[in-house]
Amino acid sequence: MQFRSDNAGPAHPKVIEALAQANDGYAPGYGAEAAMADVTARIRQIFEAPEAAVHLVATGTAANSLALATLAQPWQTIFCTPAAHIQEDECNAPEFYTGGAKLTLVGEGDKFTAEELRAAMEAEEVRGVHGPQRGPVSITQTTELGRVHSLDEIAAIAEVAHGYGQPVYVDGARLANAVASLGCTPAEMTRKAGVDALSLGGTKNGCVGVEAVVFFDPEKSWEFQLRRKRGAHLFSKHRYLSAQMAAYLAGDLWLDLANAANANCARLAEGLRVLDGVSLLHEPQANALFAELPRDMHRRLMEAGAAYHLWGVAESEVERDGPPILARFVCDWSLPEAEIDRFLQVAAD
Amino acid sequence: MQFRSDNAGPAHPKVIEALAQANDGYAPGYGAEAAMADVTARIRQIFEAPEAAVHLVATGTAANSLALATLAQPWQTIFCTPAAHIQEDECNAPEFYTGGAKLTLVGEGDKFTAEELRAAMEAEEVRGVHGPQRGPVSITQTTELGRVHSLDEIAAIAEVAHGYGQPVYVDGARLANAVASLGCTPAEMTRKAGVDALSLGGTKNGCVGVEAVVFFDPEKSWEFQLRRKRGAHLFSKHRYLSAQMAAYLAGDLWLDLANAANANCARLAEGLRVLDGVSLLHEPQANALFAELPRDMHRRLMEAGAAYHLWGVAESEVERDGPPILARFVCDWSLPEAEIDRFLQVAAD
Amino acid sequence: MQFRSDNAGPAHPKVIEALAQANDGYAPGYGAEAAMADVTARIRQIFEAPEAAVHLVATGTAANSLALATLAQPWQTIFCTPAAHIQEDECNAPEFYTGGAKLTLVGEGDKFTAEELRAAMEAEEVRGVHGPQRGPVSITQTTELGRVHSLDEIAAIAEVAHGYGQPVYVDGARLANAVASLGCTPAEMTRKAGVDALSLGGTKNGCVGVEAVVFFDPEKSWEFQLRRKRGAHLFSKHRYLSAQMAAYLAGDLWLDLANAANANCARLAEGLRVLDGVSLLHEPQANALFAELPRDMHRRLMEAGAAYHLWGVAESEVERDGPPILARFVCDWSLPEAEIDRFLQVAAD
Amino acid sequence: MQFRSDNAGPAHPKVIEALAQANDGYAPGYGAEAAMADVTARIRQIFEAPEAAVHLVATGTAANSLALATLAQPWQTIFCTPAAHIQEDECNAPEFYTGGAKLTLVGEGDKFTAEELRAAMEAEEVRGVHGPQRGPVSITQTTELGRVHSLDEIAAIAEVAHGYGQPVYVDGARLANAVASLGCTPAEMTRKAGVDALSLGGTKNGCVGVEAVVFFDPEKSWEFQLRRKRGAHLFSKHRYLSAQMAAYLAGDLWLDLANAANANCARLAEGLRVLDGVSLLHEPQANALFAELPRDMHRRLMEAGAAYHLWGVAESEVERDGPPILARFVCDWSLPEAEIDRFLQVAAD
């Protein structure tokens, strides 16, 4: 009954197999291996972007920080939500990599509207050099609260950002889940909606540790590569990154896994929705569910070994009486349906 | 009719005279001149802190950034208000000097309560290394909106900060105006209320360009000095900084000037308060007044040559019809009463 | 005939197998997995340091930069050789991670004597805040030119560094090869000789991508962990790092592989030494050989497909007439003896 | 008998007078005051560069660090001499401001030849992203050892730098002394010789604390201004910087003062040259003299109150027997001839 995070699950067997197959004799390193050329070609195809620059790193934070540092200047501010991973979960890595850019928080949670963004961007930079200057806009797709931006929402955000001459970056640690959820093409959800750069996450969706950073305009490619090396994120034995990514994208495994994870979450939601005292924060659109559960239900689940995060409160809080407590349940592709059903049964008892 | 900023006015003649007197033959530099020892002794006396470390820089942003960088780690977040000079007016200098620390905005304007601070500090650092770690608390006294923290407010804030093991820094660009306003001793308003470090501004209150940074615990003194040098803020001809500060503090000139500025502001407030259509944002407590004025009143004043900042809107907005517009009026010590009265007369016409 | 680098070869099958075995169901991440506790215990045992802090990263540059940033202050200078990887091969990563510390180059090549170090350290910091302050000493073992510091050399260097209150760091990307070469214990070569912190490389010696950073004084552990997270080097699926390292250290595989690589290099040296026109830069002590070869010999070898680096000159230089050209030949553990012999035969023809 | 530094002397009375005159009522700040426009026009005229960007800061280290940070990328290396102020005397300020660029030391002392520069630049950046990338070239004119680059030397250096697509920066803390020494025009020594950017020092030559930074290509102006603000080096009461610089440049006061300082140094050299046991390191070309003096001569001079720096040894060394000791003697414009003669008399006794 593992709902703690999609990075607690295993890698897909095909990814492990690809690592073993890549382990064959000598190979050039640092991305010069043949497999990387294949990865680049495949990602360009997926995003219908034949000129795109494609580079690999091993962690999502590296992808976000290096991409934003390439897009932002140190005297700028990056527009994101208060719930953004770059704000909440990276221990100031974006500030470190950008050389001290600021993050301006827009909206109240995991999304902002184009109008909220416009107001925030309009408020900056009215006094010459004194305040932070306007910088890139960063959104997360799938969001940190398990929601998905619609194509229209992304396009409207991009229009505002571009109106101020700023690029749009998508933290795509769970990009696959969003594509699966929307049923659109990857290009429609990104490049065609006005996105300028993105990360395509593998780690949370069946890989060992690999994320692709994609710039649709390849002009920034060399600077990114220098930043990646300077940040100590260039792998000498790079073949083990490209092998993962190649296996992940082959035959649309990435979307199959995302569909599986999303389906798991939908099954969980269906079961929880009908229980007394349970209320969903919002309809899950991908592989994460946020729901308030009565405290005795939490106690039963935890005793039975269910693993998940209470949201914003300590676990000890469950022991006390009080109102329902919000929790996050993340489903990965490997979660057995029987485990979901067992969880629901314990919850219902 | 100059209400634009207290840094638009002249230096006090005694400060200029001190510069001329300091210009006498050879002298050691870099703070080793005799005058700096006098400045240190005087500031220790003022704050009743015989061990305090005292160092001079030429700008308020340097004072804030260097002090906070000495108190904070790059992986921490500094707690301040949304209106804080360090957030709004320093083009990311704090992020630069700290090596990428974050600023967490507490409250809605220029002040936060101890309870708001506690909630914000409590929310951080619940997940090990992942989020930003708790860092120093920074308040501004006199605030950016012309208000003054009471001794109780400061003590309550310091108690919360210290409860989390974090120091309290006071951006004292207008510290003199607050001391004058409260009628307390400088020590009561700072060290005795729990403040750990502060800047004592000279630039906005009669100096050419000098700010003292004071650490009540001298342990951080050497690190500050290295950071000041590395930040290119150590003056070779340092005597011209210490001469200013010595003249500023001699015979309590600094408080006389602050009282004069505050009195100017009170006179302005008295006159504006009674005019039709004018409403004060809050009672001015020091030398800055925020008030909403009807648009035709703004037009009359600007035509007559009054200089002040509209708050958050472009000057062109005045030409259109609409509701009253908020403006900031800052009074410095040198403002002639006749100018205030002329301003009020134009406003009243 | 692959002598280009020890990061061009494959991982050892046991390491790949360990990755596959680690891929079993759900596991805590970020180093909280059970395997990491085993790795820590094993490394403490190897270095006879029951209190040591042990952390994993995926690249050698990350290990060096994060460790040095933890040991150095931004206003200090790190003492290293002109050939040091941190100086020559990391695109300013140490400067980035330390926040702008300087590197002072001591000696002429890959080693410096204790006396050269003393002279360099003595020359710094004679003028208060003005110059860079003395910082940590960094040596590489095995060096970038394939040599090994003796225990006495390390002890003498450490004595000088400690005399100035500075720690000694060892870039141990090829630490295993040095231990194998000296025939001492890992503890004798490091902790007992005065080393304060080190990296223990896996990537160049049979792993996919993993390096351990070891601090004998665990006081710096938490700061290192914050820096690792902020540098985006903390793996969520950390189990795949600990699995590699566990397999690498199990049954002294790490030393077996180093011995194999060193033996390959010795075989190559034996064969090259006797050829006309070939001169060795110095006796190889580990797995890298530097030798001058006649240009026609280079031409024959390259035509036959031998892969290695010319040292400091472009490959096109081989086509011209001229004096012998220096080249670097690195042997990894996987190099077949038959390939070495074939290389020697081509060279001799 | 003050030969310690040209920053130990007073400001010229006209500069102090200008400060007093600038202290007249309200004025816009941050460089928007009318006097700054005059300064810009005057500097453009002096360098025959009608498009040049001109900005003021208060310290030489700020000028160097901000200018180099504007010209260099963090992954580059700046080429300078081992004696360069940016290497030896700025506590890593260039590394801080550039975000971690490296300094590559060329030559043995205070100058390098174009050929030495070419060799150093050629050696970098031969391996893609791995090493530091080539960056700007920085020379000091007058050098830290009191020598002056000839126009031909500068032109040859610039040709090499430009051949690699890199700009040339001149640390001109003592630019005036070099112009006075060479008897050329400021434009001939800089822009016409291929210099791209420079600092024009005032602090060491009669000002209180002001340096101009000049970019002949104004494209970098806005970035410099953002960096200056972010570095806390933008003065609110900027009029006191522009007043100094205006007075300094008016009627060629800057060159008059440099000529006076240089003449003082020549008088000192004439007197010292003929004394037994004294040897000059090289012919002084500006206002600094380096000479070896017998230890008893040092003792006599110090007892008599002469102030100057021993070069690289502690003052206590003078008390012991031994060979002559090198010392630096810097003459400023205000040094009375009688003091020089008294010094020479004590030395000769």
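To keep things simple, chains are lettered A, B, C and D as they appear, and every chain counts its residues starting from 1.
Please note the rule applied: contacts are C-beta pairs under 8 Å (C-beta built on N, C-alpha and C of every residue); 3 or more make two chains touch, one makes a residue touch a chain.
Remember, it's a predicted structure, so these values are computed and weren't measured experimentally.
J.: Tell me, please, which chain's centre (mean of its C-alpha atoms) is farthest from the centre of subunit A?
T.: Farthest from subunit A by mean C-alpha position: D.
J.: For the pairs B-C and A-C, output the one whose chains share more C-beta pairs in contact.
T.: A-C
J.: What whole-Å value do you get for the distance between subunit A and subunit C if each is reduced to the mean of its CA atoms?
T.: Averaging C-alpha atoms per chain gives centres 34 Å apart.
J.: Just curious, how far off is subunit C from subunit B if you go by their C-alpha centres, in Å?
T.: Centre-to-centre distance between subunit B and subunit C: 51 Å.
J.: On subunit D, where are the residues touching two or more other chains?
T.: Residue numbers touching two or more other chains: 74-75, 90-92, 96, 99-100, 129-130, 133, 226, 229-230, 234.
J.: Inside the complex, what are the residues of subunit C that reach subunit D?
T.: Residues of subunit C touching subunit D: 74-77, 88-92, 95-96, 98-103, 105, 123, 126-127, 129-133, 312, 314.
J.: Show me the residue ranges of subunit B that touch subunit D in the complex, using the header's touch definition.
T.: Residue positions touching the partner: 2, 4-5, 7-11, 13, 16, 19-20, 23-29, 57-62, 64-66, 90-93, 96-97, 203-204, 208-209, 226, 229-237, 240, 307, 334.
J.: How about subunit C: which of its residues touch subunit B in the complex?
T.: 30, 73-75, 99-100, 128-130, 133, 225-230, 234
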